[in-house]
Amino acid sequence: MPTISINGERLFVEAQTLEALLQDQGFSGSVATAVNENFVPQTLRASHQLNEGDRVEILAPMQGG
Amino acid sequence: MPTISINGERLFVEAQTLEALLQDQGFSGSVATAVNENFVPQTLRASHQLNEGDRVEILAPMQGG
Amino acid sequence: MPTISINGERLFVEAQTLEALLQDQGFSGSVATAVNENFVPQTLRASHQLNEGDRVEILAPMQGG
Amino acid sequence: MPTISINGERLFVEAQTLEALLQDQGFSGSVATAVNENFVPQTLRASHQLNEGDRVEILAPMQGG
Amino acid sequence: MRRFYGEMLPNGLMLGTAQYPSPAVMASAFRESGAAVATVSLRRENAQGSGQVFWDLIRALDVRLLPNTAGCHSAKEAITTAHMARELFSTDWIKLEVIGHADTLQPDPVALIEAARVLSQDGFKVFPYCTEDLVVAERLIEAGCEVLMPWGAPIGSALGLNNPFGLRSIRNHFPEIAMVVDAGIGLPSHAAAAIEMGFDAVLLNSAVAKAGDPVSMARAMACAVEAGRLAFDSEPLPARDMAAPSTPVLGQAFLS
Amino acid sequence: MRRFYGEMLPNGLMLGTAQYPSPAVMASAFRESGAAVATVSLRRENAQGSGQVFWDLIRALDVRLLPNTAGCHSAKEAITTAHMARELFSTDWIKLEVIGHADTLQPDPVALIEAARVLSQDGFKVFPYCTEDLVVAERLIEAGCEVLMPWGAPIGSALGLNNPFGLRSIRNHFPEIAMVVDAGIGLPSHAAAAIEMGFDAVLLNSAVAKAGDPVSMARAMACAVEAGRLAFDSEPLPARDMAAPSTPVLGQAFLS
Amino acid sequence: MRRFYGEMLPNGLMLGTAQYPSPAVMASAFRESGAAVATVSLRRENAQGSGQVFWDLIRALDVRLLPNTAGCHSAKEAITTAHMARELFSTDWIKLEVIGHADTLQPDPVALIEAARVLSQDGFKVFPYCTEDLVVAERLIEAGCEVLMPWGAPIGSALGLNNPFGLRSIRNHFPEIAMVVDAGIGLPSHAAAAIEMGFDAVLLNSAVAKAGDPVSMARAMACAVEAGRLAFDSEPLPARDMAAPSTPVLGQAFLS
Amino acid sequence: MRRFYGEMLPNGLMLGTAQYPSPAVMASAFRESGAAVATVSLRRENAQGSGQVFWDLIRALDVRLLPNTAGCHSAKEAITTAHMARELFSTDWIKLEVIGHADTLQPDPVALIEAARVLSQDGFKVFPYCTEDLVVAERLIEAGCEVLMPWGAPIGSALGLNNPFGLRSIRNHFPEIAMVVDAGIGLPSHAAAAIEMGFDAVLLNSAVAKAGDPVSMARAMACAVEAGRLAFDSEPLPARDMAAPSTPVLGQAFLS
């Protein structure tokens, strides 16, 4: 069971893929993902295996200038 | 028969009053008048006697900034 | 014995002339004088009679910009 | 006998070294040298062999802002 | 936006009527810009009544008129001209110009104050064309003026606001007085800047009439005045020397 | 007005979405101003999906989106963020920000050029936030940028156009390139001046969002941009040092 | 450098004598700067003769005196003060100040012209403190003034030259008249800029007297005036919009 | 005044040696101005040894030399030139110029940083000619530069300080770094203003060499730099918006 960081917070997770992680953590809306500072497109989330120590970023739209 | 200046031009005129002068010279529209650098209102033109050497100014609307 | 004002202060004075006034009041250095807002040159101070209510100004050099 | 370029001009020269080239060409004052865009210090001129096609720059002090 | 002698204007754009390529272009410029006020002048009429054509045109614009005393070099001349204008244009508004310097058309402050006093007493509502001089402004107000028209720059120069400090100063020293920046405006940014400073209106002529396309430039100026007015009423963000992010820094991702 | 990567925009106003008192005020500011483009950003989402509310709001605006890479301090970070933004906002437009100086948020020219090159090759349409530096501009264009976004002044400063010479220079040296003055604009007169110089658009945020009344300030900026655009297209009267009368001097009466 | 009523001054620095931390500092400031002229004033003397100390000090400076009429609000008051000053300081030079606005100490142009006329007829050599107004300038010259002293900015503001256009204009319109920029100068660069424009001198006081180190600031101003004078006489390179290399491009090496 | 790589200079004037009407005039300009530093360059020598005449002349000036890499368009070229200059002029000081834009001679920031890093590691004391860009400045400092030379305006333009905000900003952000305003200075008031802002020196060439009288202009610049230095060290009176009398109002006479 890998320890990964999601948006800077360390968690023990059961999910093996990025897709599963998003579902387990309850992210349902429009988000974009990166693992270890590399973009992971939506279409590759299901096949993207998570490894111990991965740093996952899950971003959503926000206000900007 | 007095010699007066109308808008800077010297003329012999028969008119005795400012009103008559305007009629004789064919001014029919909206004009304002001054004699010898003093304003003569429309209402006083009929009673305003012209004298030898008078300087009459007859002004009309024009463009301005 | 006239009441006059010297530099804004009212005083009873015995002096009859501006010259005498300056001496009585102890002004000895370089000053210029005005009475009732009119300049009184040094050469006329001796002959300048003071009257009741006169406003005397006695000015000296000062800093200025 | 190599063909080299000196300050942009192509020449057939007999000199085998940079030092010899300077002497042959009559450069006697304060100059600095580069061959093929690399600086060649004064101390290395005697040992710097010239090759066919070398581009030699010989620079002197000039006005500058 | 302050009232002009008690009168509310629909907007802060005053437009001159001189120097257009044609009367039709002038009429379009007024229509398209919706200018609140048109400045007009007087000239010697000839027997053909050529001034009447302009008069008919100007009445059709259906806009508030502000006659001027352009070209007058003395108080006396300006006063007589003002009286003639009042009768001719049926308005007691008068843009008082007394030229003091032939080259720059800069106003003569002494004659201006004198003429303003006489005309105010005669019931005129005087709009004096002046500089940003605070003391002259105070004298004009004492003379009865409820409106001031300081220049931005010399007439026809299109230089904009030459002395922003002086204009801010005159604007701030007389908070009750309606003020129009007259002369020198060449671009919409100049007009907007004047209104942003707190001026109630701008008066311009050559910037519009002598542009390549006077009609669209007239619209540009109307937009600029509206922009300035809205901004003035919106309590703008004050300028500051230091920088700040305009995107909140919370929740920043670490992707590096 | 030049095209932006081949696309014609209805007007030259680009508006940020940050720092408004409320989402409703933001939405009104967009509606009232008719801004052609809205800038947006990305942040870490939480499980409650709080970013989705903003997303729904922004889609309802029905406006072209321009996501930014605000907060990125390296090329790598900006590139990853750009990819995430492209997927999330379904647009290949990206406002490329690579912060080089923490205080002033000034861009890092070296990293900016590098990121612009990579992203252009990846099919992005890059809008780089840059300074008025001509050489950096040339490198950005070589890197594939068809649009440049030089600053007016530091972000959030409201100082306007700090270096008019530099801005005129960058505008004139690359006549084919669409350019947006981004950052520093505080007042409508600043926005109008930028467009009058030949810039195609302005991008602003805090001047609107942090005004006392953001909605009317948004309208003010829209008016200013329109004013600048009309003026630029109207061939304005050139400024000149000397003065000229704006009333014709023919037929001048002698009343003195 | 023009003459002042026929008199050649050794340099273009005129310095006030007010507001120094101490009389000794003032004396050093004059010595170190070599100022050509000292402005002085008048005040009510008391029986202790406290004005005499200053008088002794000022005579020891061995510098041309220019008494002022500071604090006068009417022509009458200024005229009387001028007469008193002439007697007291044994000079017919008078810096004519007639305050028109209490806050800003801006001159009253009407009273100024009147007082200048009366004093000129009384044989005074009038140095009127005025604004950059061309028409007032012309009236002052007609009144007999051969020198004008337009302000740079309000007295004591240290803002420098608020209206460079106006100052250039007044300087260029009256090429025969000696002119001094009086008031508002805060830094040497302001003083140098005034002289570079063609002004003959600057008059300043608080910039020196209220600096942390008045003596070295006085020297700074002397250097600045000299710099401006030398530059004006050296036919400076005109500014131009485009760039040019300052190193000749002939014989450029190819090292790349 | 900060040290330049540990070295104290007698004053803050650096003067170029190009474009003078004659060598004799150049020599006089240096003698009369007492400039602390002379910039020099390199060019292709011919067999007649014409560069040696200049070299003899320059050594006779007895002034610190600062060779430049003018005309170099790449880091490589600048580095090679720097090495040649170090040997030729026997100094490890180098004014690093890497041209990025042929017209304006604006520096290429990327190549500049690269060359600065290599040269610093090679023991050079690099004086990089740069813009007012804070981020480039920071990179240059990281690369080993202890001195920066931001431009005032394009080389040879005589426009002065185009972006005072940017110059103040770079000056204030790196308080430990010695800085020279290089390029664009046309008048003594520009030079004085730079020093007043806190810059340690100015470098100029065409303003002096191409003035009608280069020698007196050189003196003017020396005076201006001294004026600025004295003022900076004298704690100047801060500017303020409002006005204050510079004559004490106590004891004011009543003469009206």
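Labels for the chains are A, B, C, D, E, F, G and H, by order of writing; each one numbers its residues from 1.
Just so we're on the same page, contacts are C-beta pairs under 8 Å (C-beta built on N, C-alpha and C of every residue); 3 or more make two chains touch, one makes a residue touch a chain.
Because the structure is a prediction, the values reported are computed rather than measured.
Enquirer: Touching chain D and chain G alike: which chains?
Expert: Under the touch definition, chain D and chain G have H as mutual neighbours.
Enquirer: Of all the other chains, whose mean CA position lies farthest from chain G?
Expert: Result for max centroid distance from chain G is chain A.
Enquirer: Among the chains, which is located farthest from chain E on the basis of C-alpha centroids?
Expert: Chain D.
Enquirer: Just the number, please: Cα centre separation of chain B and chain H in whole Å.
Expert: 73
Enquirer: Using Cα averages as centroids, what's the distance between chain A and chain F in whole Å?
Expert: Centres of chain A and chain F (C-alpha means) sit 33 Å apart.
Enquirer: Based only on mean CA positions, could you tell me how far chain E sits from chain H in angstrom?
Expert: Once rounded, the distance between the two centres reads 46 Å.
Enquirer: When the C-alpha atoms of chain C and chain D are each averaged to a single point, how far apart are the two points in Å?
Expert: 94
Enquirer: Taking each residue of chain D in turn, which ones touch at least two of the other chains?
Expert: Residue numbers touching two or more other chains: 7-8, 34, 37, 57, 59, 62-65.
Enquirer: Which positions in chain F are in touch with at least two other chains?
Expert: Residues 16, 18-19, 41-44, 68, 70, 76-77, 80-81, 103-104, 106, 155, 159, 205-206, 245-248, 251, 253, 255-256.
Enquirer: Residues of chain F touching chain E in their complex?
Expert: Residues of chain F touching chain E: 16, 18-19, 41-44, 68, 70-74, 76-77, 80-81, 103-106, 154-160, 183, 186-193, 196, 205-207, 209-214, 216-217, 219-224, 226-231, 233-253, 255-256.
Enquirer: Inside the complex, what are the residues of chain F that reach chain A?
Expert: Residue list for chain F touching chain A: 16-20, 26, 39-47, 49-52, 54-55, 58, 67-68, 70, 76-77, 80-81, 83-85, 87-89, 155, 203, 205-206.
Enquirer: Quick check on the complex: what are the chain G residues that touch chain E?
Expert: Within the complex, chain G contacts chain E at residues 100-101, 103-104, 106-110, 113, 131, 133-136, 138-139, 153, 159, 162-163, 165-166, 169, 173.
Enquirer: Taking the touch rule as given, give the residues of chain B at its contact with chain E in the complex, in rising order.
Expert: 7-8, 25-34, 37-39, 41-42, 57-65
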